[in-house]
Each structure stands twice: as structure tokens, then as C-alpha cells.
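Next come two complexes built around chain A: one with chain B, the other with chain C.
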Partner chain A sequence: MNMTTALARLLIFPGVLFAVPAAWFFLWVERKAVAMMQGRIGPPFMQPFYDFIKLLGKNTPPREGVSGLLMRLWPLIAVSAAAGAVGLLPVLPASGGFEGDLILLLALLELPSMCIVAAGFSSRSIFGEIGSAREAALSVSYNVVFLLAVVSIAASQHTFRLEALAHLPATPLQFLGVAAILICLPAKLHLNPFSLPNAEQEIYSGPMTEYAGPELAMWELSHGLEWVAATGLVATLAAPHLTTWWLAALVFVALSFGIVLLLSAVASATARLAIDTTVRFYWQCTLIFAVLAVASALFLRFRS
Partner chain B sequence: MNLWAKLMRYCRRRSPWLFHMNGGSCNGCDIELIASLTPRYDAEQLGVRLEGSPRHADILCITGPITHNAVNAIKTVYDQVCGPKAVVAIGSCPATTNVFIDSRTLEGPLNKHLPVDVFVPGCPPRPDAIIRGVAMAAGILAERAGKNLPVEPVVMPLIGPGCGGACGCGAANHAEAAAGEVLS
Partner chain C sequence: MSILKMLWRNLWGGSRTMRFPLKPQETPGFRGLVRFDPTLCTGCAICKFRCTARAIEFKGGKGEFTWSYDPGQCTFCGRCVEGCKTHALHQIAECPPVYTTVGELKESHTLARKPPAPRPAPAVQPAAEKQTANPAPEAAQ
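So, the complex of A and B:
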């Protein structure tokens, strides 16, 4: 673990240099998959890139005072947290680098959604506030399941270290945990059955209503990076342990791509649920499995 | 023109985000605008996205003859759209107030209040014509951005099953022709 490999992981693979094009690619895959499911042709391959550049060139309304400063700051925090989360993923085997643990990764994954909540409230738009309140309620409901799933994986492997989690042979309990994380992903990425916070047209654009130009470009980018980080987390946990670095990278990309396709298919096949249905889904249906997973992980651990 | 400006122009015409505003329309044009996003016409091929907030939009699509109640709302929304921006008047109503002409409840036509870039006539216009108008507006927007040129509205030809090639498409599928135009 030296400085060079640490920087290489943060800046090249799976860090910024890989993550930003991957974010655009996943945003395109999502839009294209939804279009194809609906029998449309869909946007061209470079569409998210065009949108990003165009948004950078747009004007923003004058923003004054502390709330104006905050409105410029939130998207930047969200982007850097999501990029950091991608950089932490233990994709390459035994490459050294910065060894973060699962708790840091979870914190970085959670920051963008906290930024969205704060962003909606600091924009002082009524639609932004409704969107933020929904995002907060959604976050409270899926995060319980998400965290319990992660705890069950960590407990079954006796470690919170990412490197070790990715490379230890998988246990059946780990797959149960991965499945629980997968159920939480549509809510984390604001995809269709749980697309409440930004509910297009229904509450304008939710927390993003007041954001324009470069700020919106950063939100789009942070959403893309969240895609890469969240699918990457599942991919690294589910991937078999490989010692060849290029094979590991290839398996990582292929698994992430598969998860993006799966989530897009679910998104285009479902309609938006109301907030109470969503909360009930996570607290009543999914929580049971998460609690079971944690209980059996702890039980097995004390028996061994 | 430097490289960044060229890239910006290239991206601006490929990513028109719309905000739709009803200025007292009968809903006919609104339905056609939504139809242009459906599988049959699929405006997303040109990068078109219907946005929920005027802050995100590049092109303001206005339908209806601009009633007394709507005029201030339309001006507010126009100011909320961040520049560079363009305005597309969809249907015959915003262009001429159509059959409602001389009504005392109207403040139309639209170009009395806003600088309109493209008029798409028709009652209602076909989705093909709307896509073509939006593509034209995206081109105008990309060319004009930063130069501060005066607005000269473009009136799109009436197209439909009986356009007789007036729109220059020469094909049954107008959306394809529009796509060819904007991407050339």
C-alpha cells in the first residue's frame, strides 16, 4: 500500500477517470433500456455527455447570501462523495492502495442523498421542500434494510474491511444480504417504483426544482456516480474472487452492467408508489428478511 | 471559433430540454406535444426531454391563445428559464389566436409578449411538425447563444398527410427527416 497505488485507485480505476465516463454510460444504458422496453429507439450513445456539456454552458439565476452559497455547494459535495465511494470499491485484487472499510463506503454512499435533502430545503421552493421531505422519509425506510443487510454480510464474514469482504469465499448468507441490498437499490437511485423524491411532473422536479445550469450538471453527474458506486458495491460483493487484475475488472464491469439492466427493466415495468406504500414495503415486507439475515449471521458466528 | 465554443454549439443542438406551458389551450396541442414523445414519434432520439421545472429547460413550448389569466404566468415562466433559451409557439392559437380572434378575454398573439423563435402552425399540428419545430429551435438556440442576435421568428410549413412535400421532407416519416436535419 503506497501513495502511488492509492492515488491511481482514486484517480484512475475505479476512481474518477473510470467513474465519470462510466456514470454517463450507465445513465445512457438506463434511458436506452427504458426506451427499448417501451418500443422506442431512445437517445444516442453520447446523450448524457451532451446534456452535461450543455448544462455547463447555461446561465444560473443570481443567488445571494448563505443559501445561495449552499445551493452552489451541495451538488459539489454530492459529486465528491459519490466519486470517493466509487474510488473505495475493492475491484482489483490485492493492489494495495487506500484500504477503507465498509462503514466509510456506506457513509460516502449516503452523503449524496443527504445533500439532496439539504438542497431541497435550501432552495426554499415549496416543491423542493416536498421532495426533500419525501427523500428523507424514503431514506429512513430503505436504510434500515440496507444497513441490516450490510451488517449481516459483515457478521457472516467476521470483518468490516472491504478488501477482505470482496476476497473471502462467499457464504450463502452473503447472497441473502446481496439480494436485500439489491432490493434497496431502486430507492437509493430514485428509480421507478420508488421515484418519489424527484417525482417528475408530479411535484415539478422535487428537490432539483430550483437548480439550473452547472449546478444541475453536477447533480446529474452525482446521480450517475451513485449508479456506479451502488451497482459496483453489489458487483464487488457478488463477484467471485479472481487474481488476474484484468479479469477482475472485466467481471466487475459486466456485473455492474447487468445490474443496471435489471434495475432499468424494473423501473420501466412499474409505476410510482405512494409514500406510505413505499414505507410500508420496506418496514413490513423487507425488514423481516433483513432481520432474519442478521439473526442467522450472528447465530452462526456464535456457534462457530 | 475555439474548440470549447464549437463543442458547446454541438451539444446545445443535441440536447433540447423542453418546458411545456399552457396559455389557455384547448388541450389539443398539449396532447400532440406529449404524443411526440411516445414510441411512434420518439423525440428522445434528438435528445429531447420534457422537464418538470422551467429552470432546467432550454426551450419553452407554449400552446393556446394566451388568455388574460395566463399572460403574466407566461412572462414569469419565461424569465425563470435560464439562458440561452428559445420559445416555440405550438399550434395556430399562439400565432394568430385562431378561431378565438377578437375575443375580449385574450391577450394574444404570443409575439406581443415574448420573442418567439419558431411558430408551428396547425390545429393541432402533427407531432412530426412539433418535433421538427423543436429541432429547428434547438439549432437557432445553438447558433444564437452568446451572440445576442435579434430574434426573427421562423414559421414552419404546415405538414400533414396532405403536405404534398411542402415541408421538403420527401418522406412519409417526418420525424426521420427532422432527425436528419438537426444532426447534419
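So, the complex of A and C:
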């Protein structure tokens, strides 16, 4: 991948120019689906865009004793990382990529979560600090399952290149890994039953409590981009290999859409769990998945 | 699994909310803004004493009084309307509009005190009744 291609992927497709509207669309689909399942009318189609514009036009109130630079920096890093993660997704066949881009994608997907933790502590708000502590505990819990799932898939296919993973025929271990990633997505996207860091009725919105105006707009955008990147990763791993570019793009979008609907249904059907229950759930998942992954890897090794 | 059935039902059953500016139907007897009719008010200030939210203020003076109402402070309990003997107060179904400063919605009326109504003349009792009421001393013995 040369510099021009890399920039085109980051800024045009599937990067910023495509990913930002896609992020607003996914945010709208999630909100609308949850509203419909709860018997509400839900927001109009353009609402996430209107929210973004409205927040951009607002002033940030002065916050005494808080570093303004840090508060502005965290959401910008989160947006950049999430946009970069979307830019790495192999939406189209023969989209390029490089060996090890899966590891970069995982790192970029993890950056917004780390920024949220840092932002909560930077804001010096008690609600922000509680939310950040929860986010950190949650991140340590679900990331073990998440990383193990992705690494198992990559190891079973003998590659850390996303495009190769998307093109190789699926193995049973791949479906197991995709299932494990799907279990982690509600925690990664702060959805029920794992919406502890931004528990609205308990700690306002956790690390976001002290944010307003353009900074909050950036957080919202970063959240939308995380949606696109996370669902896109699952779609990449689960989609069948197709040579026709428009069919491949269509399947990719349809799979991403289906994942958003599935996660919305889970969010609507469940209530928020306590932090100890959440952590226990993910560590138990880790144990089960670790045994399955190691057993499968050993089996494949002895078989080959 | 019943939650999934409920979600499925909700998904296809239409929404129970509606988009702004549509409003749900008002239930009969809905208690909204308090409306004041100055022509009926006698300035007794019962409404002021019944208002626990202190939304109604009353200042009495010589020959006139000032009645004020702040919808921003009102809890729409309707106790003032219940207590008004002359029906100078009633409630409508409308809610107060959005306001940005305290007391922005306050309304005041300064009214002249009405002269007290003339006392009804004592009824003249007929003579026959008077006799029945005060029987003759002979009859009593």
C-alpha cells in the first residue's frame, strides 16, 4: 500500500468521508431500533447529524481546575483512532492492506476506550472517575476474550492480514471466534447489559459528565465510528468471499446492519448488570473460550 | 423468553409516542394553567392561603388589591380553584410555556376593591307568628 492509497483509504473510502455518515446512520439505526422495540417512535433519520451540528455550535463552559488541553485532546485522539480503524477495514475485494494490519486495527479499536478512561480522570468529576474506573475494569475483562478470539482466528488462518482473513474460507474456529467477539461488542460499545461506564441513571454519563459542546460532539462521533469499525470487523470475519465488488460491499453493509439490529435487540431486552456480575461473566467466558481455543489450536496442529 | 415476545410485539405494534408537535389527547379534568377572571374576584385572598407552592401572591391596600400568579412556581394542584367561592379561578388544559428567567411568566392584576354588598334587611315577622313565638302568660300557666 503506497501513501496515496493509504490516504485515500483513511480520508475517503472506507475512511472519514464514508465512515462519518455511516457512523450517524448506525447511531440512528441503534436508537430507532431500541425505540421501536420499546414501543416508542424514536428519533428522525437526521437526528444524530442534527445533534452533532447543534453540539458544535455550543460553547464549552469554563471548568476550574481542569486542564482544557487534555479535555480537548482525548476526544480528538478517540475520533482519529476510530476513523483509522474504519480505514483499515477491507470493505472491497483487493483493497490492499499490509501484513499485521489486524494488530493495528485492534490497537486502534482499543484507543477510544483508553481515552474514555483518561478523560474521566482528567475531568476531576466524581462521576467521571467512577465511570472511568468501571470502563477500565470492563476493558480488562472483555478484552481478554476479544483479543483471544481475534488471535485464535488469525492463528488458525496463519495470517494477521485482514484482507487475507476476509478471503480465506471460514473454519469452525472462525465462527467460534466471531461468536466470542459478538459477546464482547455490547461491552465495547457500552450497550446494555454492560453499559456500566456511562450508566445514565446512576452516574449521569460517567466520563462524559463534564463534557459539553464540540468536545461532546467529538465523543459522539467517536462512538459512532466505533460502531462502524467494530461491526465492520465482525462482518469482515463472517462475510463469505465474493469476487463481485458491489455484491461484496452489499453483503458487508447488510451484515453490519444485521449486527447493529442484533445488538439493539440485546440492549432492549436486558437491564444493566452490576460491575462484579459483568466482570465474572467475562472471566467465565474467557475460561470457556480459552479452553476451546487452545483445544482447537492443538487439534489443528496435530492434524496438519 | 417473554421479553423477546414483548419486543417482537412492540416492533410491529406501532408506537405509543408521537412526533413533536403532535400531542396526546388530554384526559378530562386535566389540571393545567390557572386562569383568573378579575370581574368575579372579591379579593378574599383564600387562594393565596391555599397555595402551598406560593405561586399566588396577594397584596391588599386601601381601596385596591394586587393578585399575582407565577405559572413557573405552580404545581397545578388546583386547591386555589377549589377554594374560590366566586369561581374567579379555573384551570385550562394548557401547560406553561418554556421560560428562561425566574418569574418571566408571572402575571399581576391590580383591582379596585368592590364595595361590600348591602346587608339584607331583617325580615319582618308576621304578627301571628310573633304571638306563637311568645305565648301569652295565661296560656303558659
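The definition used in the following text is that the second predicted complex is superposed on the first by the 281 of 304 C-alpha atoms of A that agree within 3 Å, B and C clash if a C-alpha of one lies under 4 Å from a C-alpha of the other, contacts with A are read in each partner's own complex, and residues count from 1 in each chain.
One rule holds in what follows: contacts are C-beta pairs under 8 Å (C-beta built on N, C-alpha and C of every residue); 3 or more make two chains touch, one makes a residue touch a chain.
If you're wondering where the values come from, they're calculated on a predicted model, not measured in any experiment.
Asks: Specify the outcome, clash or fit, for chain B and chain C once both structures are aligned onto chain A.
Replies: Clash.
Asks: Which partner does A:P169 contact after superposing on A: first (chain B), second (chain C), both, neither?
Replies: Neither: A:P169 stays clear of chain B and chain C.
Asks: Given the touch rule stated above, what does A:Y50 touch, chain B (first), chain C (second), both, or neither?
Replies: In the superposition, A:Y50 touches chain B alone.
Asks: With both complexes overlaid on chain A, does A:M37 touch chain B (first), chain C (second), both or neither?
Replies: A:M37 sits against chain C, while chain B stays out of touch.
Asks: Kindly classify A:S268 by the partners it touches after superposition: chain B alone (first), chain C alone (second), both, or neither?
Replies: Touch partner of A:S268: chain C, not chain B.
Asks: Which partner, chain B or chain C, touches the larger number of chain A residues?
Replies: It is B that touches the greater number of chain A residues.
Asks: Touching A:G65, do we find chain B (first), chain C (second), both, or neither?
Replies: In the superposed model, A:G65 contacts neither chain B nor chain C.
Asks: Where along chain C is the clash with chain B: 27-35, 81-89 or 117-125?
Replies: The superposed arrangement places chain C into chain B at 27-35.
Asks: Identify the overlap between the chain B-contacting and the chain C-contacting residues of chain A.
Replies: After superposing on chain A, chain A residues 35, 38-42, 44 contact both chain B and chain C.
Asks: Within their complex, state which residues of chain B touch chain A.
Replies: Answer in residue numbers: 7-8, 10-12, 14-15, 17, 39, 42, 44-45, 47, 49-53, 55-56, 58, 80, 82-84, 145.
Asks: Which residues of chain A touch chain B in their complex?
Replies: Contact set of chain A toward chain B: 31, 35, 38-44, 46-47, 49-51, 53-54, 57-61, 127, 200-201, 203-205, 208-213, 216.
Asks: Can you tell me which positions in chain A touch chain C when the two form their complex?
Replies: 35-42, 44, 265, 268-269
Asks: Provide the residue numbers of chain C that touch chain A in the complex, in ascending order.
Replies: Those in contact with chain A are residues 3-4, 7, 10-11, 13, 15-19.
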